[in-house]
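Take a look at the structure below.
Labels A, B, C and D are assigned to the chains in the order they are written; within every chain, residues are numbered from 1.
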Amino acid sequence: MTNPYVPILILGGVALVLALGGLGASAIIGPKRYNRAKLDAYECGIEPTPHAVGGGRFPIKYYLVAMTFIVFDIEVVFLYQWAVNFSELALFGFVATMLFLVVITVPYLYEWRRGGFEWA
Amino acid sequence: MSVHTLTAARLPFADLAVPVAPSGPWQESAWLLVAVPLVSAAVLLLAGRRSDRWGHWLGVAASAASFVIGALILVSLLQAPVGERVVEVDLFDWISAGQLTLAAGLRLDPLSLTFVMLVTFVGSLIHVYSVAYMDADVDRRRFFAYLNLFVAAMLLLVLADSFVLLFMGWEGVGLASYLLIGFWNHRTEYAVAAKKAFIANRVGDLGLLIAMMAMFATVGALDFTSVFGAVGSMDTSTATIIGLALLLAACGKSAQFPLQSWLGDAMAGPTPVSALIHAATMVTAGVYLVVRSAPIYEAAPDAQLAVVVVGAITLLFGAIVGCAKDDIKKALAASTMSQIGYMMLAAGLGPVGYAFAIFHLVTHGFFKAGMFLGAGSVMHGMNDQVDMRRFGGLARYMKITWVTFGLGWLAIIGVPPFSGFFSKDKIIEAAFMPVAGAEWRAWLFGSVVLIGAGLTAFYMSRLFFMTFHGEKRWTTAAEGAEQHPHESPRLMTWPMVVLAVGSVALGGLLSIGGVFTTWLEPVVGHTEHADPVLPIPVIMASTLVLVLLGAFLAWRQYAASTVPQVAPAGSALTRAARRDLYQDEVNDAVLVGPGAYLTRSLVYGDRQVVDGAVVGVAHVTVGIAERVRKLQNGYVRSYAATMLAGAVVLLVVVLVTRI
Amino acid sequence: MSYAAPHIGWLQIAPLAIVLGTGLVGVLVEAFVPRRARRTTQLVLVFAALVAALLLIVAQWRDTMASGGVSLFGGSYLLDGPALAIQGTLVVLSILAVAVFADRTSVGQDAFAPAAAAVPGSDYEELARRKGLEQTEVYPLAMFGLGGMLLIVAAGDLLTLFVALEALSMPLYVLTGLARRRRLLSQEASLKYLLLGSFASALLLFGAALLYGFSGSLHLGEIAAATGTIAGLEGLLLGGMTLLLIGLFFKVGAVPFHAWTPDVYVGAPTPVTGFMAATTKIAAFGAMVRVVYVVGPSLQWDLEPMLWTVAILTMVVGTVVALVQTDVKRMLAYSSIAHAGFVLVGVLAFSTEGIASVLFYLVVYGLATIGAFAVVTLVRQTRTGAEGTVILGEATHLAQWAGLGRRSPWLAGALSLFLLSFAGIPLTAGFAGKFTVFTAAADGGAVPLVVVGVIASAAAVFFYVRLIVLMYFTPEREEEGEEGVTVVTSSGFTTVVIAVAAIGTVLLGVLPGPLLELLGQAVKFLP
Amino acid sequence: MSLTNYLVLSTLLFTIGTMAVLLRRNGIIVFMGVELMLNATNLALVTFSRMHGNLDGQVFAFFVMVVAAAEVVIGLAIIVAIFRTRRSASVDDVNLLRN
């Protein structure tokens, strides 16, 4: 690799040019036609703003789903490593992973107790 | 315990005593001098209402305790041989970073101990007096807390062995004085007075700060020993700058021209405060500073001359103002101003004057404090009336006050054999000392102090006669409260008596064989007396003639003839004098105005006003600030853009060196 | 290959473990303890844990200083002198900060939204307020944040550094959004902090990647070792270091990465502001000092231009912009930026005195900051309407502070003390701090920096003193209409905090010697 | 093919992510930009890991994923809260705090 720092400088240059140029360009030539759809938040495709249920307290179920998903998703990321060299990691690995599982379980319990799973 | 050596500054400071380690328990425990009143003040403030019943006595006890300790140290110092009368007590290394170390230590020498004695003795008397004077006040405890705070700060100021520590004391007394002037701050004009004193003092502090920076820049240290030691190697211009800066500081603290205007308003504070802080001790701190910095002034003749000039101006200024004031306390304040002018002038005269400046300072401390207490006692008897045109003929009603005040009066106008005579006469002689190459000085300043003596005699006699003699001009029932003057309680009269004794005898006792001047020699150096341009008897005689003349005129106008109850229009000069020769107008333009602007701008952050307040630099700064502020436009994306731009710039800064 | 379990020093990780464990338990408390008892339980837990952690830190002080520290988990967790010292500082300050969290004042409400999930101004929020709900999750959140901080100052490799950074940031993102009043501002601040914060940590992460690419290792020590040996890849090294430092600059609020600071400090609930202003900065500086002093020395000449630029910019911009602020919290925010600059000056001393002075300055700054913001929590706006006078949120406009000195001298006095300490007036801790930092830097040859620093602090005196002048010398504004200002009495916690901070500030101002010596022992980094 | 290409790719992705942060208006898209930056870094980490023939980089990448996920959770919660309050997720609408 010759002059390996050149990519970084390029990155810098590109970033600067794009940052300023992009801001400028979008300000100048960009069409200023916003509509609800453009500004809408993405909420798994459902109509994002139902009328305030329970007087302004909004259902965060979808996010609970997302979070719950992540709880287990993350679990797998590490469990997989552990699984493949279970025997080599031996006791240390076991204890560590169990600890990790416990830690992961705590927010799960919290969510459960706070009614995070009471969908419908 | 570190031992310092003084590399010889120029004469006459070559013979100065070298600081030595303390010997004996009392010198070791000098820190108690400051600690005791400080602790007492803290107790009084923290204990709150609970201590209302006994608080004031604690205050008195604390002040008295410092006096006792001081006395013991004094004795131990007197026993020491003259060569070892400059003692340095290292307390602790305050901050030590890298090579640099700030140490806190006390310096016990004749000069500082003289002040310790004056402050604690007069201070204790005034504490006692205040017990009675502030009897009616619900906040008496707080008052005593502030008094103790003041005593502690003042002692720190005079005992400090470095300009840093001195500065702390300097600020401390400023704070205490501010708190005490504004003690009755529910009355607006008093709060205003407090603020005025505050501003004037800050200007002074600026001077002290500049001086300290200059010293640090040139010497690299701020303790007296090293600074004065390095003076010899300092070039004259630096010394002059430092000297002038110190003079500015002294002017702010000691109400010297052009920063004197606050003292009159400071009389808004309770009378004991005026007696202790604004007559006997704090306002003389400026003189202390000049005398303490003697080596610097010796190296800077121009700065020295400036000191003399300031002293001379203030001397006349105060005297003229004093002739026109009808408010008894303001008249006394004016005279204080003028007397400190005397001391400044003497301090500016160099080695011939230092000792006498301090000498006059001590005697003045006694008789002026005495007279202020007398004034307080008069007000006490006259329902807080301060207009002398409504006094008159009080001699018969308050005998002790009359006698004590009278003795103080005789002392200040310099009638032999009272204290003032000895101290002031010496200053007059010193003023007539010929200065090589500038004979005009001797004549100019000599005549100034002579005239000053005459004026002093006039306005003090005026004050005395208007108050105690002539016919009664009291407010009658028709005008409101009818006056029933009466003598004050013992707690108030006794301190007055003690001080009166001092104003009679002290001067004489201390000048027997020049005991006082020799006592100070380790600090201010020894000088052989040259002969003044006029023979001493002539000087003395002319002084006395002028004094008697002044007193006689005052008697004819204010005792023998009737005094109008309402001030007559008077001449232009009189009117000017009544208004402090328009100093306020000047200062309002110079100091207070911007100050007010500042405060207002601070409230509403009004840009114009900010600019108006801190002219020049602020303009640019605020301009920049506003630009930068524009960047803070609240848009996340532009923040992110700033960050990225910053990142790119930094990357370039780093990498460019390698390409 | 067989795997050797890494060595674990239980005593050394005990403080960290306790703090994080308490966070977890706190979450369980939220889950299983009935609502009434939650607050009390949380408080007991938190304070017990913090005190325990502090004791453990003190217990291992001597050994650590003697042995120079230990390296755990294969060098990922380096508990050396500076790490332990900063951990101690962090725990002490957190005790104070969390105490301010807990204060309900005479109004009977803490500073946090009763139900953060509720839409501001909605019926449900009103209901929650009337039912006196409290978002007691703030205590576990604070614990997690503190855990991250304790970890980052001991992070021996880039992985730990990154994880710790995120662990300390995320709870703060949430805490920022929990203000009980001015919730729009609070949420906005939270969003800004989140977006910019994650952006900054992305930059830091990329820097970490580059450094790994350069050295093939994540351990700071090995990266430092590689600096001399590997040729031709300096680009990766320098670029990586720069981006890494930028991530930390963001956390300490150094210009030009400071833009979030004022907005977030103003928007966040004031107790949280105090907490993060003090602890986050300290933790980030801890990490920065480690990076600069472990990897830096061989690169000193390459990095100095950048560091100098940032330091000068930070001092100047922070001071200058603070001059024109009219909002107390905002002014304090900019002043905290300026202080970051002063600390950077100390870092640039590149000497052990430098480290000691930085540690000392951080303690001083933390004390005064928490104290100052604690004072701010007590000065409130009032509105007098039909139903009598209602006490609202903090009165932060400067004009509202006029004459405070007359109404509540003690409070104003305490604040003045903190401001004077910020301004570096002698006899306050701030002076000792600036003095040590500047002397260290001057000895280290960074004289120009010191000059700028001195000028900046001189200018800074203006806006600190102006608040004091305002409180003591400006007559109280007469209440126009129904708007007014009042001082609520704390329910004890805040008073204690302010008192402790004030005493500490004075004590360290009069006698900084002992602490300086103590920290003087803690200046050796493990490679 | 050379590992450098991966690095270039990751750099480009990183830049694109940056641009998304700077140019997009919708808070959630901005946030996706940040996530893109993180994942671009992951690519770089894995590449370097391969280059140096040790696993540190890959482990790091796993942790980055976890952190990113956690960040998403918090980020979404905050953005949604704001959205519910203001009926818009545009980051340009939130500028009450300024100067």
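What we mean here is this: contacts are C-beta pairs under 8 Å (C-beta built on N, C-alpha and C of every residue); 3 or more make two chains touch, one makes a residue touch a chain.
For clarity, every value in this text was computed on a predicted model and none was experimentally measured.
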Chain pair showing more contacts of the two, A-D and B-C: B-C
Chain whose Cα centroid lies nearest the overall Cα centroid: C
Chain A and chain D, separation of their C-alpha mean positions in angstrom: 9
Inter-chain centre distance, chain B versus chain C - centres from mean C-alpha coordinates, in Å: 45
Inter-chain centre distance, chain C versus chain D - centres from mean C-alpha coordinates, in Å: 26
Centroid spacing, where centroids are CA-atom means, of chain A and chain B in whole angstrom: 70
Shared-contact residues (touching 2 or more other chains) in chain C: 117, 119, 191-192, 195, 199, 203, 210, 234-235, 238-239, 262-263
In chain B, residues with contacts to at least two other chains: 629, 632, 634, 636-637, 640-641, 644-645, 647, 651, 655, 658
Set of chain A residues in contact with two or more other chains: 1, 5, 8-9, 15, 19, 23, 58, 60
Touch-based graph of the chains, sorted into line, ring, star, complete or other: complete
Sites on chain B touched by chain A in the complex: 637, 641, 644-645, 647-648, 651-652, 655, 658-659
Partner chain D, residues of chain B touching it in the complex: 629, 632-637, 640-641, 644
Interface residues, chain B side, partner chain C - complex: 92-100, 102, 164, 167-168, 195, 198, 598-599, 602-605, 607, 610, 614, 618, 621-622, 624-626, 628-629, 631-632, 634, 636, 639-640, 642-643, 645-647, 649-651, 653-655, 657-658
Residues of chain A touching chain D in the complex: 1, 7-8, 10-11, 14-15, 18-19, 22-23, 26, 38-43, 48-49, 58, 60, 63, 66-67, 70, 73-74, 77-78, 81
Partner chain A, residues of chain C touching it in the complex: 1-3, 5-6, 24, 27-28, 30-32, 115, 117-119, 121-125, 127, 210, 232-236, 238-239
